[in-house]
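Naming follows writing order (A, B, C and D), and every chain is counted from residue 1.
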């Protein structure tokens, strides 16, 4: 399949801006089999969505996502809304025969995520593709880490660590935004930050979490309403979650997601220790991968700081000569590139909705364990 | 109390060498109220202990620890044996009116540790002092971290992390030494490494762990006997332990101890995140403390790398001008200095045997939780 | 002045790709008084330039730069060619009343650079603007460093260090490309890399180099011709240059530019030490600034690692929430944004051609010093 | 030669304390052919030297260095005085048939250093040995770096960098101590700090500096007299020196020594870039060596952080198990160990007085270049 593909995007906040940049940019740097056309954007506020369309480069706009899905010029729906509407929009789009890119976490509940994965499976049978947006998999250094583990360079994996430390809401006067309300966000630090750490750790390790023992905490239980009324309302999500885990292959896992780690802003970190080596990656220095090769000669072993900016590294050759770093937004450009290629070549993209469901099942086990007083809790398939 | 204090040491392996250096060196750098005399050393092998006495600077030697304890010129017994004999020797010494310095972990079981703490309490009533050797508390950067938390510079503590990552036995052909056998070592990575991480984290945070959910694993279950016979025996301790914890003050804890982290040798690390700041310390760069001060002016906040080598920093003034680093062995010199001063001034030294017992109770809760399938397990007082 | 501004670009290699991205992107993230229209691109190879126009987003193309300059729809000429043609194109464009953005180094010789600066001065009198492309000034962390020095946070400056370490041509079989030939490139590592280090160091320090003593070296003197003939030709530029310098305000400078530093790819680094503090910035971790504030309380001083991704930091607010990093190409987006605003508000942009001339004069003093056996050489105004 | 060797030390300040620790400690950790006896210490103040003897572990004391040299029980004289008396004491000791360890820099002038080197050569013919105390050569990571270069792991050397950045006297009210007076100290930052950087860089690179262009500066020209009189006197040494250099083998050198770099305390750093790799070492993290091996597989190259604490690393096996770090004072213990072994085996120790002279000649060339307005200045043999 070649030619162009009409894109429709729902949502135009942080993620919408990032995805728009990706759709605008991908064809400028990558050779594509299928070129995206930025057909239409959708948002509820007429003036705001019109301005966003102009600013972000979309040809048209809608105020009802159902109309967006119905448009003939929209062949792929990019879902950038809060988690509570992911399922409805994605399933409707898939059933309408539109490919879907859905932001993470896939849904707010396992049930919704399962319905989405089932819809994606049905759609795939008709050649309609679905992908969940775990964008950090697309960082060259992360993809390189995955390659090294897959090539057996680490041998059997003994330890996996994942953390996403942040501090956005450390101030008790930070208002009660939607991300702090369970109905809209599903969970707190866990779904927002922990989902990334879980997905990345499983991806790099090439293995799945089987069970967890978890603790969650809400350090600030009431916050000012964002309406400026001066009133306060209850925070209904976790501020932080920590858990230990077992992987299918026998590795021990240690995970942490928090919005209360002073000094950290986007402190995502993944580490894997195996029989023959270790890998460490941090979002703070996203172009670099630390690699300990236990087969280096004795006496000269040490973690190597590899800058993954060479043409031989995943994605990196499309950008600049070696040594020139890329940033956060490139993750989305790589993501849509891979999705376009999967569609063009008739393959199911990864991470699939099934992958997104599996992450959701891990998050669900974490919440169930925490609710049960940190009891050991299997990840329910 | 001034003058000299006769020291007798049991054991002359790794810890014995380190303690001997401390006893020889402390008076050369610190102004002491009480000067140690290195009276006698004890070991079971006559030729070896005689050679050790000569090499390490002890005036006499014994082959039976009971004779060492009985010597009139021994006023303090320094217990550097494996954990299985800590209780017997320490209690006997205390009952004989000798001060005791006992290596960590205090004992192999909670029962032994409790008996030791009780003996120490009885002894204290008679002015006889006991201390457990959590030497890393005595690193200037660690002691500075404690001072900052105690002064309220971090506010309420939200997160505590402790890890001791190592890789000594990653090779499956590494022999079945005593540290891999439960009878002698009590536990594996947990007691050997985890005990340090737990003590340090609690010390810096100024709070105690109340309960845990834990996983342990023995990755290599059989190893060659160290006798060269070519036969193999079962490893009866943990190779690794990971657990989450709750502290009394509400902080969440995340802990890890392992001998299977490729690329790490003595990877001890403690981190505390509070309302107003964070602290990070690593043994690898033991002279440095990372401090994030959330009260720094906005836009210019960041982790500061403080080199704790100034005269104003704990212990540091006794050594060299600012900027000249110290190493591992200094921890023991500081330890015996503090013990000597406590004895001289008639105060109970810290960490006390009760502190050692409390760490043992945490380790015990970890093992009980792991044995119960990672069930939530309270630390039993 | 508001509305749009027609852009014409000469060159479509590495710099052409980077500038095109900037012109495409700037209006998507920044509020502009003047919106760029990507009117036409110019290159000598008809097929290649047509393909580049399509790929990079230019509305039209030319094969003769003079025709590009003459186009009515081109109001600003962006010069992305090798240094040997900078003067001719830039001066012609300025005289034709077109604003100019010229890549660095401004020219291959001081004479050319002076002619350009004079042309820019004449043009400015007519409201026509010129800017030289020292893009690294536009990194948020670098601009923050400049702000701190300008605000007096460091006091008087004692030391300035600048280095650009690379290793592209370490392999003696790397071919004799134009960058290794004096006629086209002017100088080697000095003009290509050193120019950035000199400009950045002077910019952050807020001071100018007055004189230098320099050494240059060509480690590999003959290389294979790039035509694949198997023949070799002489390298006529420096592989490396090192020099010491005095600044007008009394600071000592130490500089280095090399293509022979194994392990470095784009190792640009600037450091300033003053009475009251120090600043360190490295391209490798371009989002971060290290700041030592000598007025921090005694005993708690240390270099702070500041991540310059907050809304309060220069440029950063236009992109993503705090903690999300940007990369190399953003420097150009910031550069064209500042140029557009200068044009819109009728101000002379910085760095000006006069600034570019001054850097060229420093490089010239370096080459003269090296040619004179490392004699002390004043920077000739 | 086996048995014991009587040591006499002149000076008991900073260096005296460090050397005393080394003499006390060396036999406790290293197997020695020749055991030191700490016979006598010498200082001008009777009460102070007596107290120092007691504190530092010397059997006797003298107030006149000539009497120390004459003592029958002194077979080796350890010169820890300021540079102005190095020549007189060392030459007298050598002529009296006593081995000599002399602190660095070897002397305050080239003439003195040459006389010392000649005296050492004459003495060597009689089996009397002399060594200059460039202690940092004895750090395991530094010695490992030397081994790697000597083994050809870096190939031909292109760049050598040495720096010693400090800030002790940044405060203009810091008093006019002897280190700031030319008569006693010879030079300022150059001899005190730069001598170490020059020696280390030459040692690791295995090559000598042939010529330099240098700048020096005295930022604070008058300081309060240390007598508390409130009067001020002129600083007669350099606060900072920077220079570029050529090595015999063709490498370019870049050096810096300063007491005015805010944020640095003992910022000694050496780096070497060669055809096939690079090495970086810093005193701040003295147990580590950064090694870039250009022969690592493409795409996985990067600087490795090697912790030089393994039994296979120079000196490290004498101390603790791998991963346990050593500190500043160990450099002296290693130094006296090597000296004792050289004496025992009848070999000339390194660094020799001739090596010390060569460093002095480099420093002299730096001062002559600076005095001549940064003219190129050959190192005079």
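As a convention for this text, a contact is a pair of C-beta atoms (placed from the backbone, for glycine too) under 8 Å apart; a residue touches a chain by one contact, two chains touch by 3 or more.
It should be emphasised that the depicted structure is a prediction, and the values quoted were computed from it without experimental measurement.
Novice: Go through A-B and B-C and name the pair with more C-beta contacts between its chains.
Specialist: Counting C-beta pairs in contact, A-B comes out ahead.
Novice: The B-D interface: which of A-C, C-D or A-D repeats it, judged by over half of the contact pairs being the same residue numbers?
Specialist: Most of the contact pairs in B-D are shared with A-C.
Novice: Please tell me the distance, in whole Å, between the geometric centres of chain A and chain B computed from their C-alpha atoms.
Specialist: Their C-alpha centroids are separated by 41 Å.
Novice: Could you work out how far the Cα centre of chain A sits from that of chain C, in whole Å?
Specialist: Taking the mean C-alpha position of each chain, the two centres sit 36 Å apart.
Novice: Express in whole angstrom the distance between the two chain centres, defined as the mean CA positions of chain B and chain C.
Specialist: That gives a centre separation of 54 Å.
Novice: If I count partner chains per residue in chain B, which residues reach a count of at least 2?
Specialist: Answer for chain B, listing residues that touch two or more other chains: 264, 301-303, 307.
Novice: So in the complex, the part of chain A that touches chain B is made up of which residues?
Specialist: 154, 158-159, 161, 165, 170, 211, 213-215, 217, 219, 240, 242-246, 250, 252-254, 256, 258, 260-264, 273-278, 292, 294, 301-303, 369, 373-376
Novice: For the complex, give me every residue of chain C touching chain B.
Specialist: Within the complex, chain C contacts chain B at residues 144, 288, 291, 293, 296, 298-307, 310, 312-313.
Novice: Contact residues on chain C for chain A in the complex?
Specialist: Interface residues on the chain C side: 14, 18, 20-21, 24-25, 28, 55-57, 166, 264-267, 283-287, 307, 309, 319-330.
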